[in-house]
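The structure's right below; bear with me while I get my questions together.
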Amino acid sequence: MASEPHHWRGTEPRRVLAPDGSLVGDPDVGLGPDDLRAMLRFMLLARRLDRECIALQRQGELTVYPGFEGQEAAQVGSAMALGPDDFVFPTFRELAAALVRGVDPVQYLAYHRGTWHGGPYDPRATRFGPICIPVATQIVHGVGYAMGLALDGVRACSLAYFGDGSTSEGDFHEAANLAGVFGAPTVLFCQNNGWAISVPTARQTAGEIWKRAEGYGFPGIRVDGNDVLAVYRETREAAARAYAGEGPTLIEALTYRVGAHSTADDPGRYRGEDEVSDARGFDPIARFRSWLLAAGHIDDDLLAGWEAEIEEQVLTIREGVIAQPPPPVEWMFDWTYADPPSALAVQRSEVLGG
Amino acid sequence: MVAALNAALRDALADDDRVLVFGEDVGRSGGVFRVTDGLQVEFGDRRVFDTPISESGIAGAAVGLAFAGWRSVVEMQFDAFSYPALEQIVDHVAKMRERTRGRVDMPITIRMPAFGGIKGKEHHGESPETFYVHTAGLKVVAPSNPGDAYRLLRLAIADPDPVIVLEPKARYWAKAEATLTLEGPGIGIAATVREGDAATIFTYGAMVARCLDAAEALAGDGVFARVVDLRTLSPLDTETIARCVRETGRAVVVHEAPKTLGLGAEVTACIVEEAFDFLEAPVRRVTGYDVPYPPATIEHRYLPSVRRITAAVRDVVAY
Amino acid sequence: MSAERLFSMPDLGEGLEEGEIVEWLVAEGDTVALNQPLVEVETAKATVEVPSPYAGVVISLHGPVGSTIAVGGALATFAVADEVAEDGDSSGQPQPGADADSAATPDQHPSRGGRTTPPVRKLAKELGVDLASVVGSGADGRITAEDVEAARGSGAPATSADAASRKVIATNLERQAAIPQVTTFRTVDCSALQVFRKELGVSPLPVVVAALCRTIAMHPSLNALWGDGQVTERDRVHVGLATDTERGLVVPVVRDAHSLGIADIAAEVARLAEAARAGSLSPADLTGATVAVSNTGSYGSEAGTPILSPGTSVTLAVGVIEARALIADGAVVARPACTLSCTFDHRVLDGAVVGRALGDLVEVLTSADRLGDLRR
């Protein structure tokens, strides 16, 4: 058996499905067969789309694209655990979570096409925040949003995604501290994928991330991020705590970034191929698929049908991305202020020649 | 001015139940300058509350709260302590409306005691306005008197855009007669606080009072300088600036902030662009020096003095 | 039905400018599927496998292995099935901006009506012109420098400018008066000169200047100058021509007159005269004279005692050319003649030297042969 990723060592994470596909926990996480199938299908679509995005970048249709291959379970499992009134604050790598939450992928990818920052989808309508580049800043937003929910007495939560690198930023600390002090109904979801560009987790932080929660006065969980059922269960429970007014939860989901940090990155410069091929031995999709087959929830015909459908879907998304025109240049001026100063109107008319 | 600001916060909280007031020490103790005094008692700790020492957290929480439909009025305890929040302010508060094409707005007010002149410790007398004025997406106001302080803070809170409110702490306790009302010029409009035709002194914040003293001294010698309180630093009232230079032909800009890239540079550029033909003399700037704000014992040598201001006015008049 | 699609080298990193072809993974003529690996490209950052953006037939590959292709350069051309009319940019690059920004208007300067600009205001102050009384002829009624100049020279009572230039003249003359100057006179029979100069179609002045330069060549001390307790000779001859104008005496200079022919001297004299009339002489035109000639005959003077021009040790005044009674072959004859009045700096020259030089000058001016030797 291949050796597990270096940053998975230490405290045993919570699991339902072991890496070899065997059951080590209770698979009844509250999902029926239809939902379980949907879960796998999302993961398959996400992976296929992720690879298509890399191709699109190589073909000049997208600017720099940050892939997430290997992290499908961490994102799909957690995103499916949220309710319709919950709000997600992502970083820049959460395309899979965006798909689950119903964000239009062409609109999401407009960000990477350089059409518009944040992506032109409506965050309030999709309850999925704009793509956020400055790492950890969005965690604070998640906490603030949760404080707002609590003020309104709404039965919902926020969930902020962030990576192991983000936990070094001051904003991680400030967000976690605020969350603890205010008992904010929020889930701090860390996808610890082993790498912050070229810096491995061991050089990012000396302790285990999930343990920090105790310092802030709320529970921390370590979960196998490549075990989609475990991820789903832990996120579901964290959300339930939040709904019940029991405050925040920190979830550290152990996963692995199989690809490069982004299409502008060359991981061969800092890690070996052996490590990556070993990590593929812990693949989230393979594990879940084999369990679903064994449990009789899917069969090969269904998988074949899905593959064809997913090809179609991805092709449609590809065409949508390519067809996307650049934005009208006046957009640059139209949303800086609700009430723009007259000097800006002068600049706007200079550019538009009007 | 403290009383005026306090009244503005009280009236805003009463007027709109989506308004929140939070920051360090603003709740139970009413703020280190007492600007939020009594508000928690009146409105409860749900809407007026203390936070940990967490400026970036405070600004970022305001962003998240805005997503959830709340209107935050946050306090940065001192001007220099707003710097840890600069990333959240520049990257998110200023840009979220643009980024989401208007779907998510940031009706956030960030207030801070600003500027020097109180013999404060290091980092307690900063003039950070250039950073904020230079950031597209923000508005910046700097009232100089209680009446303007009340009105501009109320307007800032009601504004759908984020507004930085720089409160001249040296004037917090200055007493003046004022009617506290929303009636009056809005954000973006300067005020002529003393008439004159020999030259125009453009200034703001704590320096307004000092420029008025300078104008009084000059009048004794028959030089009648106009004094204009800019009041809003972004957007700058370029119309008033141009009109005053057209009418008086001479300009002196006075501010505490260091000279290089202070507001004086922007005002001078504006004058050159809008009123060049009417200039009788070069524009003079009377400002702090390009050094870190000095210790209390020599602060008076750094800040524009009445003598430096009158000398500059005399220079441009004699040119 | 098929269409051609060009695939250009994309930016494979962040801001890369080019890529080198490492290996083609397809050949021309191959049928390829969408995303099929097409080529391996090496960039400054890494070696990257580029997938085909089209399904179709490869028509051409635009660079051999080892060649470097710039971002945006042609990489491969495909024939694709043209089912749907494509509106997108066939180069496949995400376009940064919609409009033809190259035609964008530059930042517009807001036009404002106004009174005048600071430099004009300064000029008016120096010239003592009251701007309130000047009508502006510039854009938007703006007062221009020309408006101010016109206001000064428009018959208004003597402004401070006239007084200023009178003062300058007086100062110069007082300084020159300190030099010990002596004037000596010669009468010149101008018969040969008049014939000669009429043939050339010039006035007498350029001929006199040319003849003077020839004389200086024989007597270089005429071109010297007293200074710092010694005499300094100068190789080049710059002839100042004392000229009377509305604005008073100006002395424009014909530079390097020693190297000019008569025609060129005449042309330069004409140019300087016109410029003096128009008031457009440049400072360069007015400085550097090493010797001066004054055409006093132009206002009828027969002879005089010209004051030395600054920078010269010899100033020659040419009196009016008119009929005089001269002696030729023992008889009185009527001949065109003039008097040359030559003032010299006695610190530099003595009467005998000047006398000899003038003798040579007169010999040239009175001899058809010698005049003919002058460079035309």
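Going in written order, the chains are labelled A, B and C, and every chain counts its residues from 1.
Just so we're on the same page, contacts are C-beta pairs under 8 Å (C-beta built on N, C-alpha and C of every residue); 3 or more make two chains touch, one makes a residue touch a chain.
On a predicted model such as this, the values are computed, not experimentally measured, just so you know.
By number of C-beta pairs in contact, A-C leads when B-C and A-C are compared. Put simply, the chain closest to the centre of the protein, by Cα centroids, is B. Look at where the CA atoms of subunit A average out and do the same for subunit B: the two points lie 41 Å apart.
Centroids built from CA atoms put subunit C at 55 Å from subunit B.
Per-chain Cα centroids separate subunit A from subunit C by 71 Å.
Among all residues of subunit C, those that touch two or more other chains are 110. Across the complex, subunit B is touched by residues 109-110, 112, 114-118, 121, 142 of subunit C.
Taken together, the subunit B residues at the contact with subunit C in this complex read 242, 273-280. Note for the complex: subunit C touches subunit A at residues 7-14, 34-35, 45-46, 48-51, 53, 87-88, 91-99, 104-105, 107-108, 110. Considering their complex, residues 20, 46-47, 51-52, 54, 56-57, 59-70, 84, 87-88, 91-92, 95-105, 136-137, 139, 159-161, 188, 234-236, 238 of subunit B touch subunit A. The touching residues of subunit A, when paired with subunit B in their complex, are 87, 89, 116-118, 120, 122-125, 129-130, 134, 137, 139-149, 151-152, 158, 170-171, 174-175, 177-178, 181, 331, 334-339, 341-344.
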